[in-house]
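For reference, the structure I am asking about is given below.
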Amino acid sequence: GCASTASEAAEESIVPAADQGALLDSVPEEFADGITVATQADIAPLTYTTDEGDVVGFDQDLLAAISDVLGVEITVEPVTFENLILGLESGTYDFVGDTTIKNERLEKYDMLSYLTSSYSVATLASAPALGDDVTALCGTSMGVVTGELISDYVQTAIDPECEAAGLEPVGLTEYKDFASNVLAVQSENVEGMIVDTMTFGYFQSGDAGADFAFNGPSRMTLSDSGYSFLQTQEQVLAPVIQEALTLLVSDGVYAELLDKYGLTESGIEGDPVLNPEATI
Amino acid sequence: MAVLETGTTDAKRLALAELNTRPRPAYGRYVAATVAVVAAALFIWSLAINEAVDWSIVGRYLFNKRILDGVVVTIQITALSLLLGFSSGLVIALMRLSDSRILQTLATVWVWFFRAVPVLVILILVNNIALLYPELGIGLPGLPMIIGVDTNAVISPFLAAVVAFGANEGAYASEIFRASIKSVPTGQFEAAKALGMGSTRMYWRIVLPQAMRIAVPPLSNNTINMLKNTSLVSYIGVSDLLYTAQSIYAQNYEVIALLLVACLWYLLLVSILSVAQSMIERRLGFDRKKKQKAVLSSEVTSNA
Amino acid sequence: MPETLLEAVGVTKRFGDDTVLDHVNLTVNKGDIVCLLGPSGAGKTTLLRCLNHLEKPNSGAVFLDDELLGYRRVGDSLMELPPRLIARQRQRIGMVFQSFNLFPHMSALENVIEAPTRIARVPKAEAVAYARELLDSVGLLHKADSMPHELSGGQQQRVAIARALAMRPEVVLFDEPTSALDPEFVGEVLQVMQKLAEQGTTMVIVTHEIGFAREVSARAVFMEKGRILEEGTVESLTDSPRHERTRDFFAKVL
Amino acid sequence: MAVLETGTTDAKRLALAELNTRPRPAYGRYVAATVAVVAAALFIWSLAINEAVDWSIVGRYLFNKRILDGVVVTIQITALSLLLGFSSGLVIALMRLSDSRILQTLATVWVWFFRAVPVLVILILVNNIALLYPELGIGLPGLPMIIGVDTNAVISPFLAAVVAFGANEGAYASEIFRASIKSVPTGQFEAAKALGMGSTRMYWRIVLPQAMRIAVPPLSNNTINMLKNTSLVSYIGVSDLLYTAQSIYAQNYEVIALLLVACLWYLLLVSILSVAQSMIERRLGFDRKKKQKAVLSSEVTSNA
Amino acid sequence: MPETLLEAVGVTKRFGDDTVLDHVNLTVNKGDIVCLLGPSGAGKTTLLRCLNHLEKPNSGAVFLDDELLGYRRVGDSLMELPPRLIARQRQRIGMVFQSFNLFPHMSALENVIEAPTRIARVPKAEAVAYARELLDSVGLLHKADSMPHELSGGQQQRVAIARALAMRPEVVLFDEPTSALDPEFVGEVLQVMQKLAEQGTTMVIVTHEIGFAREVSARAVFMEKGRILEEGTVESLTDSPRHERTRDFFAKVL
């Protein structure tokens, strides 16, 4: 993916004229020339590339709005997970998006939440209905995306319940990405998948997702996801971004963007918090 | 024809000797071929009419701009990495074949290292070298640099990709060059030296053209391999053909259709390479005597 | 009447438009020593190779005893036998090549026991015993465990002869067995062949060693341009050739 | 020593003739070697003391259970795919060398196809074959199956991986076998036939042991390549060594440390393979005459 | 007094513990034809190879004109010259190998012009003209565009001789130039060499062709076990050898 300036990506600013550049004064000197941010590439609807090659998505629009509010240019680079982390540590990026907030990570990074991340179970629409209780998953075969929190959650929270109820544990298979999960369900290699609600929602609203349906427990919320900043003494950027985000929440731009991408139910409640206490 | 009197030949034998011979019809071979052709046809047909494959989507994306850009990136990275890989591979092969223990050891370690480490790791390390060495320059570790430049300013992702794939390919190619140089008869080296050639000329004009005959098939294996492996550059933010297809299906979930798009392009690229390969092989096959070839192939058949 | 062992009748071989063998007839009786002589390109090697089906004639037949070699009659043509049967026929015919063709990855002894143990399924101990006997008779028992590249040309050729004898063939074909050798080693190989001749081994030999041919009182067959021009004793050919080409040839090589 | 009178030799010449000769000191080579050794040492040292690399984490994960499981998966898939790849590659090579046009064409198309199509695609298609063909069985397309079984019951992800990698490797290996079989002198084929060997025995006992000498270096290139490429199995829900490392750093963000863990394992595995390779090469190097080798290596040196 | 062109003084060569050449002295004057004779393993090839530094002596010196070949004196030993200078010296010495060693990827003409155009940087047209002249003199002008594998052994060796002459060397070394040839082709190669002899080319020849040596009235040098045992005219060696080994040898090869 090619780097784009956030304000270019959003064709038309949705930030009210009164707010544009409102926070210019609070931006630290060193960032006046611009801020470089990385987000993960290819996770619709947060960041994806259109057929014309434009990089778009909720992340892009939100950063464009932040850029407008700050009155400072923000350059966004959609990259892989590895480069997200390594680029942050090497100072290539001033901060990065799409990171899941965990207590362990808060020791090393400042994290600012801007979405809640939850997991839902999905199957083919033709599949028999599962109950809403998590024990409905006992003994089923489910796909998940590797490295996500849900695997831990299934093993530490759901499997014991299954055992308590005298049922088989959940049969988990980890696939590299969301699309691999979709294929596995379609070809019936697994019965269903436990995936990020946002991603599935976006998928289901498109042509390819028509055969799929939420089925079983949904919106199991484990943590927030947000921006990560390198935690160093002189880190002064995080509060500024928090301020900008707060402004966007309060004047409704944030809600508008959530709505645009069908993410309303994944929005954070109240004002964005820096370094929130995580459940895990 | 004057038939000399040669003793025992009787009428029955003479009668047989009048007949023309014919090769054994290879029934097994015909059966195998028929089965294979039918299987291939069924496979293609069943794919063509399969509902799971949406050919209209394949058609739509085949000449999509992003896909075409991906093809260009794939070709560029492959070509540049091969250049770097083949040239470094040649040097390393000569080092391994030299009689200097030091050079041998160095080359062996180099090959061992770069064959062992996944390209992905080299790629990520080179691209993020700024993390390990924020400044590149001349100087001793721990002391200030004598001349230094900001690492990120020097290493672009594209350069990182070429370096990583080139280093990897160099290690593999060196093994191929080593084996093929060893297959050139000693007499050729000696004839060149006796004419008063220096080593460089000897290698370029005499040894390598002959070594290439054995090296071309495995080297083109490597070339094709690299063509496909370039999809790893997606890890450092460059999109080649395969990754572009993946990134498109990450959004529209038409996994099979987009993989088929990528396949069709790879088939085209590999076809071009295969034609080039057989042209090169034919040009280099200077001493494959007709006679020898005929004998060889008849040997092989009777096995099949 | 002598017993016919190997007989070529009307053997014709073409390579493309080149007729390399043109209705050649040749009879080899049991105990015969036949020397094929003639200029380069005459077709000597091709004829020899037809005698064990390494080369397939376009028409004509080769008989081993009373069996048709490599073919059987089907309708009005000769159809090639399945490879398995051809292999079996070849076991009755030994062959020694100009360039030795020892198997480079096997020791001298292994070269010799390869066919008996793998093809004829002779018990290993028995095969080894006979191989050692053969190596001894070619004077190379002490080199049994040497690899081919550790042997001189002459030694390699002697091992090759032992290998050809290991299957107890009824006839042995030699294609210029000494012409790739340094002169010093020619003698030792000819000596081994002479010994075979004395033991009554049936042999067909392409050679330029007229002296040797004379000594073993071989039947000499002179070939030119794919035909047998004349045959007889070596003396009759060298001293009173019927054809001018024969005379020319012997003038050159003697 | 009796020196024969040979004419012109004067005192000055005789004096020189008394002296021992010595080879030319290879200054350039010494400098190159020193530079390389120093560079390697600096690199290793700078890595060892680099703050960006947390060696304690490397140590912690090196024998982590998931990593060890990944190593086992990597080895299993590699071994089985090689078995399938080498055997099918051999058959395809023999087909390409045969004098049957049909077999040649079939083999050529097969090689073209499987060299061209990315393993990832074959992998995904084979694993999800149920999508294309929900039942496997005998019958004609469009008509009911005569005998049919549920596809998913037959194709496990592991089997899919072995089939995909095996088919891919087979195409590459066949090119290597083809080149190496062609390098065996015709005389060897003829000697074997003249002894009365059938084709199968001729190939197993005589031709292949000799062809292997040339085939081993590129084949071990392929083996090592596959060892590393198995990480693609993550797309079908199997975790090999590299992918396990990636999935761990997706959780704990220790990218460099976990890549180093994977590297260390690959270095170990490749070292074992390299030792095996050179042992095999030494065993197969039966006819590399000492003399020839000495000449060759002295040629090569003077170039370096 | 004859002009010395190539001289070996006290040349000693060891392979491991084997002393293959033991303080050998040999003088080749301008116009000389020297034939090296002797049994296999005597060190003939090794000596010849020392004469153009293909083999590096352990001690002793080879002089080309007044230049030390391949070495220069440094302190009290002889240090090898840089490869560039050795290559330049070798251009003055032609060499013909037993196995021809033509470059298989070049036509006959290309083989001959390779060194002049690439090393001596003779203009292409000029090199081709001279190469055609040389090919003509070995009787192969009509094969100028043939590839080596399309030529017979004798033809290949004649091209190899033309190639060796293309750099106008002052002396030509031959290592058994006819021993890999079929007997029919031996004559054509010897004829070319005889022509060279008549033109006064300086030659050192390892050979077993005593007849040829006698005909060109070569100086014969008999070697055994790494030493020169005796030298003289061919007649003197064959008819009245001073050593028993010499007599034995000639008894064997004549």
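Labels for the chains are A, B, C, D and E, by order of writing; each one numbers its residues from 1.
By definition in this document, contacts are C-beta pairs under 8 Å (C-beta built on N, C-alpha and C of every residue); 3 or more make two chains touch, one makes a residue touch a chain.
If you want to know which protein each chain is, UniProt gives these names: B, D = Polar amino acid transport system permease protein; C, E = ABC-type polar amino acid transport system ATPase subunit.
Keep in mind the model is a prediction, meaning the values are calculated, not measured.
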| item | value |
| --- | --- |
| Intersection of the contact lists for chain B and chain C | D, E |
| Furthest chain, CA centroid comparison against chain E | A |
| For chain A paired with chain E, centre-to-centre distance based on mean C-alpha positions, whole Å | 81 |
| Cα-centroid distance, chain A relative to chain B, in whole angstrom | 41 |
| Distance from the mean Cα position of chain C to that of chain A, given in whole angstrom | 83 |
| Rounded Å distance between chain B and chain D, as computed from the means of their C-alpha atoms | 13 |
| In chain E, residues with contacts to at least two other chains | 83 |
| Multi-partner residues of chain D (each touching 2 or more other chains) | 52, 124, 128, 131, 190, 193, 199, 255-256, 302 |
| Numbers and ranges of chain A residues touching at least 2 other chains | 82, 86, 89-90, 177, 180, 183 |
| In contact (per the touch rule at the top): chain pairs | A-B, A-D, B-C, B-D, B-E, C-D, C-E, D-E |
| Of chain B, residues touching chain C in the complex | 1, 3-4, 6-9, 13-14, 16-25, 302 |
| In the complex with chain E, residue positions of chain C that touch it | 39-40, 152, 176, 179-180, 182-185, 187, 208, 252-253 |
| Contact set on chain C toward chain B in their complex | 1-2, 4, 7, 9-11, 22-23, 25-27, 29, 56-61, 63, 68, 71, 73, 76-83, 228, 231 |
| Complex contact set, residues of chain A against chain B | 1, 41-44, 48-49, 51-53, 77-80, 82-83, 86-87, 89-92, 177-180, 182-183, 203, 206-209 |
| Touch list for chain C against partner chain D, complex | 52, 54, 83-84, 87-91, 93-95, 97, 99, 101-105, 114-115, 118-119, 147-149, 163-164, 167 |
